[in-house]
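These are the structures in question, set out in turn.
Presented sequentially are two complexes of chain A, the first with chain B as partner and the second with chain C.
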Partner chain A sequence: MLGEEEELSVSIAHIVQKLKGSALHCQLEKEARKCLLSTDIKLETLKEDIREFLKSSGWEKKLQNAVYRELTVLPAPCHPAAPAEHIKEPLAYMRRAQASWEKRVLKSLNSMCTELNIPLARKRPAEEQKELLNKWNEMGTEEPDLTLFRPVYAPKDFLEVLINLRNPNYDTDQTSFRANLGLIQVPLKMKDIPELREFFGELNLNTGQLGVDDSTPVPPEMFENEHLRIGKKILEEHDSAAAQQYVRQGCPTALRAELWALILNISDQPEDILYYEQLKSNVIQHDLLSDSLIYKDVKLTASNDDYYFVFEDYLYQVLLCFSRDTSVLEHFAYNSATPPKSYIRGKLGVEEFAVVYPPNGVIPFHGFSMYVAPLCFLYPEPARLYQVFREMYVRFFFRLHSISSHISGIMSLCLLFENLLQTHLPQLFYHLREIGAQPLRISFKWMVRAFSGYLATDQLLLLWDRILGYNSLEILAVLAAAVFAFRAMNLMEVTSLAAAEAVLADISTLKVMPLLQIFLFATVT
Partner chain B sequence: MAQDSAPCTIRAPVPLQLGDGKSELGRPGVYVIDVTFPKPLIVNEISFKNFYTAFLTVRIQQRSSTHPRNKRWRTCVRDLQLMPNPHTEDSAQEYVSLHENQMLCATDHVISMRLFLRQPSPVWTTFSIEDLQINPNGRQRPQKGFSWWLNHLPPKEQLRSLSKSLPNPERVSSEVQQMWVLTEVMRSNQSSASVGRFDVDGCYDMNLLSYT
Partner chain C sequence: MSGKLKWVTDIEKSVLINNFEKRGWVQVSENEDWNFYWMSVQTIRNCFSVETGFRLSDDQIVNHFPNHYELTRKDLMVKNIKRYRKEMEKEGSPLAEKDENGKYLYLDFVPVTFMLPADYNLFVEEFRKNPSSTWIMKPCGKAQGKGIFLINKLSQIKKWSRDSKTSSFVSQSSKEAYVISLYIDNPLLIGGRKFDLRLYVLVTTYRPLKCYMYKLGFCRFCTVKYTPSTSELDNMFVHLTNVAIQKHGDDYNHIHGGKWTVSNLRLYLESTRGREVTDKLFDEIHWIMVQSLKAVAPVMNNDKHCFECYGYDIIIDDRLKPWLIEVNASPSLTSSTANDRILKYNLINDTLNIVVPNGEIPDFKWNKVPPKEALGSYEILYDEEAAQGDGSDRDMRSRPGQAFGAKGSRARDSGRSAPTTWK
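This part shows the complex of A and B:
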């Protein structure tokens, strides 16, 4: 608990520190120096004149957007006595659970290394480097033998861990009425329906929505045209915050790529392309075991997907570069997970030779490539695609596979989903529970992948618009519950988990926005 | 951590309970912690790490400055809500600092203090506060512009005995000041930019992951 003023100054100090090392800082300095040569700048009013210049030349906007970016990812200011681990995750038992889960993943990776007798990482011989460089744009044609590799874990394994998580200070044995009827037994505070209605206010029935009001029977004059006009204006203004507010009502397809890049504060600078090339050369130099996991995952998921198989080569490029990107490590400051550690061969235990593995600290799991796949529709240039994905990951996706009490964390999403379903459809919930088809067992995979690969692409992008717009993943839990509500009639008739799964096997025909609207605003509870 | 805070004796929490506490079914909803100080002091800050305590009340015993015999109890914090919802985890393990401006009365001449911890929700097996510190030194307002060593200068006598063999202190001080300014400038210019290397001297060969 800090005073408001103190909180503010801590945040400011943090952001200033962060921006000082950025390319933007250099550019601002350079521009300010350049403008000194102009005649408009007077020595007496130097400070004001330069400020005025930066404002009129659009640099102030860029600075604003950069600050806004830091504000969105910045964890809430913490007590100065709080250790770093407290910022990662305030609840000690959750931290322990995450740590023991990580250990399991490490063990599984290590045993794979030992069984297959391959090193975690090695330098590629020159010949191999050359070969890979030539094949960079068609890595999909390569068919390495991956039968012996297996994904380190699948969402199902992770769900078991979440189900078994208990707060040791929570009294569950004494009385059963307190125990949750669902699978998740952690007493986190979730939003209830009125709170969700307020939070997702812009999704209400009276506000125009892309995904509803752009369907064929509605004339475009009603909403679409005006919405498109505003979207263009926001792009001209180049304002992240305005763009974020705007996408709550959905992005017009033509503007989506630009608007998302604006919200995520991704610029199109030559040095970004250079950075990507640097990562690429790192991929060429070193061969990692995690590369095989990525190959395997892409082959198992995206390559089999009707929408995404065409992007196979893109996926390899982006994911391999991602695994070499050390800037991803920054997000571990606010992620409950800790990057795996290893030592350079022959230097075991020597701290100077300790390294993070993989270099970005993220071990891909079964389905990981689906976080990238939908973005391939928006960004044809790999460098840009890469940046957008990295930013989406460090803002949102990492929360979907680490154990934390964060409101957007997978734990909270599971609980929110179960709570919503119980409140909205108690009979359905009870029925499914009785036949041994706990709803979360079906919906978990949707949420872990943020519905990627389950919805039609246009619908998925409309959903992700709202994730960006509200800077929250809670919408995933709401949609999962809404899907159950929509199929409630059929689900009431099933008598087994398999049958329930069959009812919900294909949700690619569903329209996301009407489902969400009906569930949140048009159901009497 | 006790050496960082004002010297005091913190007694173990005492539950407030009807009956003998063993045969009762219910758990106590109130714990009381007594803190005594060897000499009267001004309480500027109380900081601790919460552990599932929902409300906190603090009473202080003050000795009158005019009549040292007179002692009186006053409430300086009343039912401060530490958990927004006592049934759920929010802020249950948060770090908390209470400052003067949050106290209801003047907090000088304090000789002892009593903290009342309340948890109305029966779902938690236990609740308490940890790392209780009164006026922790670690984060008293940093004096701007002073490095830590200025606060750790040796006492005057020692300085005097050293001064014969040492150069002109004024010159030294001005030189040190310059150096200090330089280090401050360096520190403020330090950026958080990384170069993005993950290998050690070009080598990134490894066999297994480390568990520690």
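This part shows the complex of A and C:
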């Protein structure tokens, strides 16, 4: 075990290494050099003066925000000698499960490739490149024949894998009565209700919340005005950490886009736009098989969605660029998943001829585009929309379809959900289980998509405010349980899985914040 | 208790009939005694024509005003609004104030419009001022996007000119009057697509004016990307948002029907443009509605047996200025999607709750002040009586300075649900 101090120095070393050689590092150096010409800088107090300059010119804030960004994705501290795979996932059986799942997914992709006789990638002829460039803004009007394509997998396939997962070191036979009731049979550490109450402290009934209309000690309008004022101030100060704390009580609609960008440390540098343009030209040049999967997914999901159909073309733009973005590969350092590899024709298995496929290492599944869709309400410029999505993905969304023991990983969320229901609503849980309607079978898809496409957009954004605010996905499991609690009366009357599904088919009228508050703070346990 | 209300309709739509039946009303034929007739505009024309000399009795109401076309025919609406502006100007009303270019500051909400062939020469004069502009031609008497086309050259409408050589053609087609309006070529685009707004307004009386706005309107999106390029002038899918037109496009989606709720629009605009400009936009939309109604109120036959639910079509340009395109007397009650069906059912339900209080046999003398609970998703847009009672007539005049002057920030002071700032 490491002492606290050692832990800290490991973290610091890690962050320093990450920031060295970054664009920010260069800029800081350049600015520091420039300031030497100023008369405010004295040789005797060089160090202090430069520090003072960086502070007053706002560069210190930028550095702080960058450090803060690294902190939020920093893997849990572990021994410096621990191998990289332990940082990805400390439990061996989880690693194995993830690896075998990846193998299955890749196999399915490859067999589709062979079946349809389509190459994984090909360079587009010049004529086709020109054509694609012309219709970049209206890719939705193209109707390529996608009947033969099918999503590589859907959430329910993934759920089956999670259900079958066992810890080989743990005897699940009858040892614990409780463990057998749910679908998830893996022991993982998670928060109980008192711990959740403490963790989500700002959501309590006495704190002002956006998304709740009544019952605060302060009249909602007064709270809203004050909250808006503070929000503006945080934006002026440009402070990531403050913004993150702030959004726990919800973002005013008009400030959300800026606040989220600040929390995610997204800058509006010209080079970011350039980077996006570069990705776009990669899309223009090469056609990937995975593009058809993206098309298919958008057509099956967002295009039919009452809220998101308007943004169909933005989704293609963002997702096609995303699949080419090799900077996404960095997140595999802390993701239990490993990017899939493909081999140049005829060199199967020869490591030198291996390439990551798709280039970003992420194979889209059924519903993937719903991670992007709600963000379209906030960012009308594709380049910015792209950056925000990518950062949301590498911070949060990847956890929703990788097998890991991380507290925000989908395994933990499933288990947390089942635990909460069992503890809070044992009768309901038992009833549903008896009629063959395991609650997780219904709530799994909500959590995998972070509720996108299930809630009304305004409510979804309020929920994602809290994901960003607490830097955790646990709120998804709490909300899923809260929805069951809210519909408990109706659910107690159903006698089949189909009927239970019908009761919960449309949750777009629910108000997220009151549900969460009541479930966490107003229910007697 | 004076028995059940007897209804007739010549529009066989389930959203109507279900609503009537839900109330336990009795269906009768039009030749029997009836209390409530939901009729098409064709029927109302015959009903009130001079020949029939038909008069409604005290316990009868219908869903149109006899000369609703003063508002709902494109040419007459424009004529009435032009007249209204002149009158305001003559009165010296601050509402008629103009900017340095001679444009009305508060009453410039209809795109520049002319009648053809009547105003052909005026149109030519205007066209020459700005020869690169695009104009939209609409036949006066048709609806649902029929007969509409775009032009950007004078030669394309030569046949409407008075001195056209083919005079035989003119006399023959003179019945086919058109309005020609400046085409809004900088529409606000969302996701790269053009859309318009369909909002519902209920008028229960014109003098005094009492009108209600339905909160659940929707945006109608084009299925094809918007391009202002003139090469696409013939592709009506780019330009027209009518569902009747869009339904024939290849990309028409039967799940959402290209429709977006107004609350989605608000969320999007507030998120991307901020609250102040969004509030101002909605405020201006309400303003347009009331002013258009005030413009026709003096000429409207304010028959006490009548009410009308109008479909307002509004386009927003990229500077977030709303433009009134037209008003429909018989907004479509056809449901294109499941949500659409729910919306229209509720629209009729809420309308009936206001115009037929308690679902009882109507008495045309009632004061037309529905209780607040009866409003449903309607909110009061303007109540002339209440406004005068408050002495808000003065308010009305001082409005331009307040709501439009600084930046329409007044809307928020009165709380989120305040429908309009200038009542």
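Just so we're on the same page, the second predicted complex is superposed on the first by the 503 of 525 C-alpha atoms of A that agree within 3 Å, B and C clash if a C-alpha of one lies under 4 Å from a C-alpha of the other, contacts with A are read in each partner's own complex, and residues count from 1 in each chain.
As a convention for this text, a residue touches a chain if its C-beta (ideal position, glycine included) is under 8 Å from a C-beta of that chain, and two chains touch if they have at least 3 such contacts.
These numbers were taken from a predicted model, which means no experiment stands behind them.
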item	value
Fit-or-clash call for chain B and chain C when the two complexes are aligned on chain A	fit
Partner chain(s) touched by A:Phe311 [first = chain B, second = chain C, both, neither]	second
Chain B or chain C, by number of chain A residues touched	B
Partner chain(s) touched by A:Leu188 [first = chain B, second = chain C, both, neither]	first
From chain A, separation angle of chain B and chain C (C-alpha centres, steps of 10 degrees)	170
Which superposed partner A:Pro380 touches (first chain B, second chain C, both, neither)	second
First, second, both or neither for A:Glu221, with chain B first and chain C second	second
Chain B versus chain C as contact partner of A:Thr141, first or second or both or neither	second
First, second, both or neither for A:Ala257, with chain B first and chain C second	second
Which of chain B and chain C A:Arg51 touches, first, second, both or neither	neither
Minimum C-alpha spacing, chains overlaid - chain B and chain C, in Å	29
Intersection of the chain A residues that touch chain B with those that touch chain C	none
Complex contact set, residues of chain B against chain A	47, 49, 51-52, 84-85, 87-99, 101, 122-127, 131, 136, 138-139, 189-194, 196-200, 203-212
Chain A residues within the chain B interface of the complex	1-3, 17-18, 20-22, 25, 78-82, 86, 90-92, 103, 106-107, 109-110, 113-114, 119-123, 167-171, 178, 186-189, 275, 278, 282, 286, 324-327, 340-345, 348, 352-357, 359, 405
Of chain A, residues touching chain C in the complex	137-138, 140-141, 143, 221, 252-254, 256-257, 303-307, 309-314, 376-380, 457-458
Interfacial residue positions of chain C with respect to chain A in the complex	190-193, 221, 223-225, 250-251, 253, 255-256, 258-261, 263-264, 267-268, 270-272, 274-275, 278, 339, 415-416
